[in-house]
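Right after this note come the structures.
In the two complexes that follow, subunit A is the common piece, with subunit B as its partner first and subunit C second.
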Partner chain A sequence: MVELKGVHKRFGPVRAVEGLDLRLREGEFFTLLGPSGCGKTTTLRLVAGFEAPDRGEVLIGGEVVNPLPPERRPIGMVFQHYALFPNMTVFGNVAFPLRLRRLPEGEVRRRVGELLEMVHLVGLEGRYPKELSGGQQQRVALARALAREPKVLLLDEPLSALDARIREELRGELKRLQGETGLTTLYVTHDQEEALALSDRIAVMREGRLEQLGTPKEVYEEPATAFVAGFVGSGVLVPGEAREGLFHRGRAWPVRVRGEGRGYLLLRPERLRLDQGGFLEGRVVLATYLGSLVRLEVEAEGLFLKVDLPPEGVPAPGERVRLALPPEAPFVPEGG
Partner chain B sequence: MPGSSRALRLLAHGALWAFSLAFLLPLLWTLRSALLPEGLAYALPPVWGPWTLENFAQVLQGPFGKAFRNSLLVASLVVLLGLPLAAGLGYALARYGLGGHGLRFAVLAVQMIPPIVLALPLFALMRLLGLSGSLTALVLAYLAFALPFMSWLLMGFFQGIPRELEEAARVDGATPFQAFLRVVLPLAAPGLFAAGILGFLLSWNEFLFALLLSGRETQTVPVALSTLVTQRGVLFAQVAAGVVLSILPVALLARLVDRYLVEGLTLGAVK
Partner chain C sequence: MRGERFLLVPGLLFMALFFAYPLASILERSLATPGGLSLERYLRALAAPSYLEAWRNSLVFAGLSTLAAAAGGLFLAYWTAMLPLRPKRFLLSLYAIPASLSGLVVAFGFIVLLGRNGVVNQLLGAWGLPRFDLYSWVGLFVVFPLYNIPLFALALMPLMESVGRSLMEAARASGATPLRAWTGVLLPALMPGILAGSSIVFAGMMGAFGTALALTGFAKNLLSLQIYSLVAESTFDLPLASTLAVLLMASTGVGLYLLALWERRFRH
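Our next item is the complex of A and B:
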């Protein structure tokens, strides 16, 4: 549905996007994930038509859209800060794209009604954006983006300006709406949790390049590079060597890995446990209460490992503990 | 504590009243003079009656009525013609960086030129064009000054409107012009009001070009007021009545849009 072929984009000396090749499948929820300045928003803006690639092609529905301005591309977009027109009511905002298409007023009313029902905002038609909460504003923005019946929905960090509870609620809404409409969706975020929860596939970007492309499970459990391993989820990269199917660090560790040669073992906090007969011995240096769990930081063999535990009966800082390693863990080859 | 905060509030109110009076005193004095018979307007010691509307009648019977209509026409035309052009130029400067720093400086530089420097060249130009003595000459001359001023004011205003809103309009299917017309302009309404009123004031109060470029039938209010300085002396009470009359339309206009005006001036100033 959306395809980028060898796309390059520079802003002065800054290479925002470098030789990016992507292909979004029809009806897919596709996320561009990466830290600030990695080129994800530029990529989205290239698809939207706000930026023109220096080289390469952007295709939507099989058609090269490079020469088309945003208003002629079959897209809808939700912006980070909602971008609702403050001088228009909720109705006016959602009706805006429909009125631009000069639809009869009756049809406009019908469509706006349907869209507001879809985003659970019936009854708020007459309110102005400033009279709405952040979550409600973002729902209006979503309804407006869908009003044009786009082929592709572009979402530019749409939840980042919301507080945690609303963010989680809207995350579910987004997923439900995307499922209902079956719209191909390109989502940009730096929040890995959001990306994992929402996406069919994730493209992790770094310095304008694609670092890894895969399903959330692949990206989380089989990170292709040390950057992806460090960026997606939390964990500690332990330098060592993969040999004969086991990880070695001075001695053989009882952890099965795939690959050979020097690299890093990725130890996720949720995969480590406290066990009297555990392989590693260490000392608790920090215990952070996170509500549903406590995250321990344990110093063992010169490493600072993180361990997630239920909040009950957690050892205090300074206590000596033994850690049981997972039987199998991701291994990232050196230079990856 | 409540006592001291009340005292502070009273002090602040007192100071504000004093400032307001200092600003309003000349205006109130002019109003008083306009309502007194000619001989008593500047009598010493000052008198407070008998009150009369005779000066207003005298002024309106003279060339002032015609001048009032001329001023209204010229200032309105300057605003009506200037505002769309200034909006276009201000937007192009703000969003597209039209002409780079050079054009921005040029726009600002026009405000720095003393009007007297341009008076003679403008007079010669208008004669060459056969417009000397016409209202068209005045409209063109005022536009030349008001347009850069209004553009500069609006540029600051447009810069304050998030670009994201225009982008949202574009994604919704609006062309750049539609986005400007349907999203940017309505949001810039306070700025447009402010620019319009200030453009109107600039034209309404201008004296030098009006004196040089207008003819007998095309005099504006400031020029008509100057004719009250006669060989027999200055007709102070009538001048005062003329000043009061000349203030009225601007005061009325400002009152109608004062909410937008204050918003426009403050927003344009900080952005």
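Our next item is the complex of A and C:
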């Protein structure tokens, strides 16, 4: 549905996107994930038509759109800071794309009504953006983006300006809406939790390049590189070696790994347990209460490992504990 | 809390001394006659064709120049707002210069550029094209807007920076051509800033005389020049100058009030 072929883009000396190849499937929720400056927003803007690639092609619906300005591309876009038209009401904002298409006023009314129903804003037609909460404003922006009946919906960190509770609520709405409309969606975020919760597939980007492409489960459970392992989810990378199916760090650890050679074992906090007969012995350094769980930091064999535990009967800092390792864990080869 | 009121005292004193007192004394002078306070001078000023013409010229000239400066400043502000941070900061510091220069310096700058032997006219002459007359109404109408464009752009900048790019992009992503995005979205959204910038420029141009004086002497009939001549020339007449000054301030005030009323309509 959307395709990038060998796309390059630089801004002066900065290489924002370097040789990117991507292909979104019809109806897919596709997320570009990465830290700021990784090129994810530039990629989105290349698809939207706000930036032109130095090299390579951008295709939407099988058509090369390189020469087309944004208004002639079949896109709908939602911006981080809503970008609602301040001089227009909610109705006017959502009607704007429809009126540009010169639809008869009755048709405009009907469509706006439908769209506002979809985003649960019926009754607020006459309000101005200033009179709405952040969450409501972003719903208007979403309705406006959908009004164009785009082939692809582009979302540029649409939840990052909202506070936590609204963010989670709107995240659910977004997922539901995308499912209902079946609209191919390109989503940009730096928030790995958001990416995992929403996406069919995630492209992790770093310094203008694709670091890994996969389902949320793949990216989380089988990170291809140390960067992905560190960026998605939390966990500690233990340097060592994979040999004959086991991880070695001085001696063989009872952890099955795939691969061979030097690299890192990824130990996620939820996969470690306290156990009298555990393989590693260590000392609790820090216990952080997080509500639904307590995160321990345990020093063992020169490593600082993180362990998530239910909040009852947690050992105090200074106590000695033994840690049981998971039977198998992700292994990231060195240089990846 | 009550103590905080005393913090206002220096400000109020300053305003009283340097604003209210001179204003009151101008007003008093304009009304004082040997037989007590009277509107006699106002009637005389409004009955004199040359003062009426000066008044009308000033209003029309300042109004048209404001329009021109607004049009130019709008695009300058948009273009500047789209630049990366470093060149933008540099340019914005440059934009402050014309407004802070004396009107005379501005005039001499334009004489070098557009005067009879200025760079532009030498080029025009070399190409056999008609020369540009800086010392005419057209000349004034080029110079005044030109040096007010950066000032207008500066006044509009905060609003332009906060909404310019994002609204333009939102409109285009909604299917609007650049022209539709400007007329349908950007201009209405920027209107409060446009009117605020226009107020600053209009007030400045109503009172400006240094540049006009340097370029055209007293040949062009502007209210500010009439006042200047009554204060500084052989026609010295302080009470009449005060009367014209009050008229100038009042008409500027009315202009600004109308702009403010208009601006309120755009505050949603």
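Some observations on this one:
Going forward, the second predicted complex is superposed on the first by the 336 of 336 C-alpha atoms of A that agree within 3 Å, B and C clash if a C-alpha of one lies under 4 Å from a C-alpha of the other, contacts with A are read in each partner's own complex, and residues count from 1 in each chain.
Keep in mind that, in the parts below, contacts are C-beta pairs under 8 Å (C-beta built on N, C-alpha and C of every residue); 3 or more make two chains touch, one makes a residue touch a chain.
Since this is a predicted model, take the numbers as computed values, not measurements.
Subunit B and subunit C, once both complexes are superposed via subunit A, clash. Once the two complexes are laid over each other on the shared chain, residue contacts for A:R256 go to neither subunit B nor subunit C.
In the superposed model, A:K130 makes contact with subunit C only, not with subunit B. When both complexes are overlaid on chain A, the residue A:F79 reaches subunit B and subunit C alike.
Looking at the shared chain after the overlay, A:R273 reaches neither subunit B nor subunit C.
Overlap of the subunit B and subunit C contact sets on subunit A: residues 48-50, 69-71, 75-77, 79, 81, 83-87, 96-97, 100-101, 141, 144-145, 147-148, 154.
For subunit B in complex with subunit A, the touching residues are 162, 164-165, 167-176, 178, 182-183, 186-187. Of all residues in subunit A, only 48-50, 69-71, 75-77, 79-81, 83-87, 96-97, 100-101, 141, 144-145, 147-148, 154 touch subunit B in the complex they form. On subunit A, the positions that touch subunit C within their shared complex are 48-50, 69-71, 75-77, 79, 81, 83-87, 96-97, 100-101, 128-130, 141, 144-145, 147-148, 154. Subunit C meets subunit A in the complex at residues 163, 166-167, 169-177, 180, 184-185, 188-189, 191, 266, 268.
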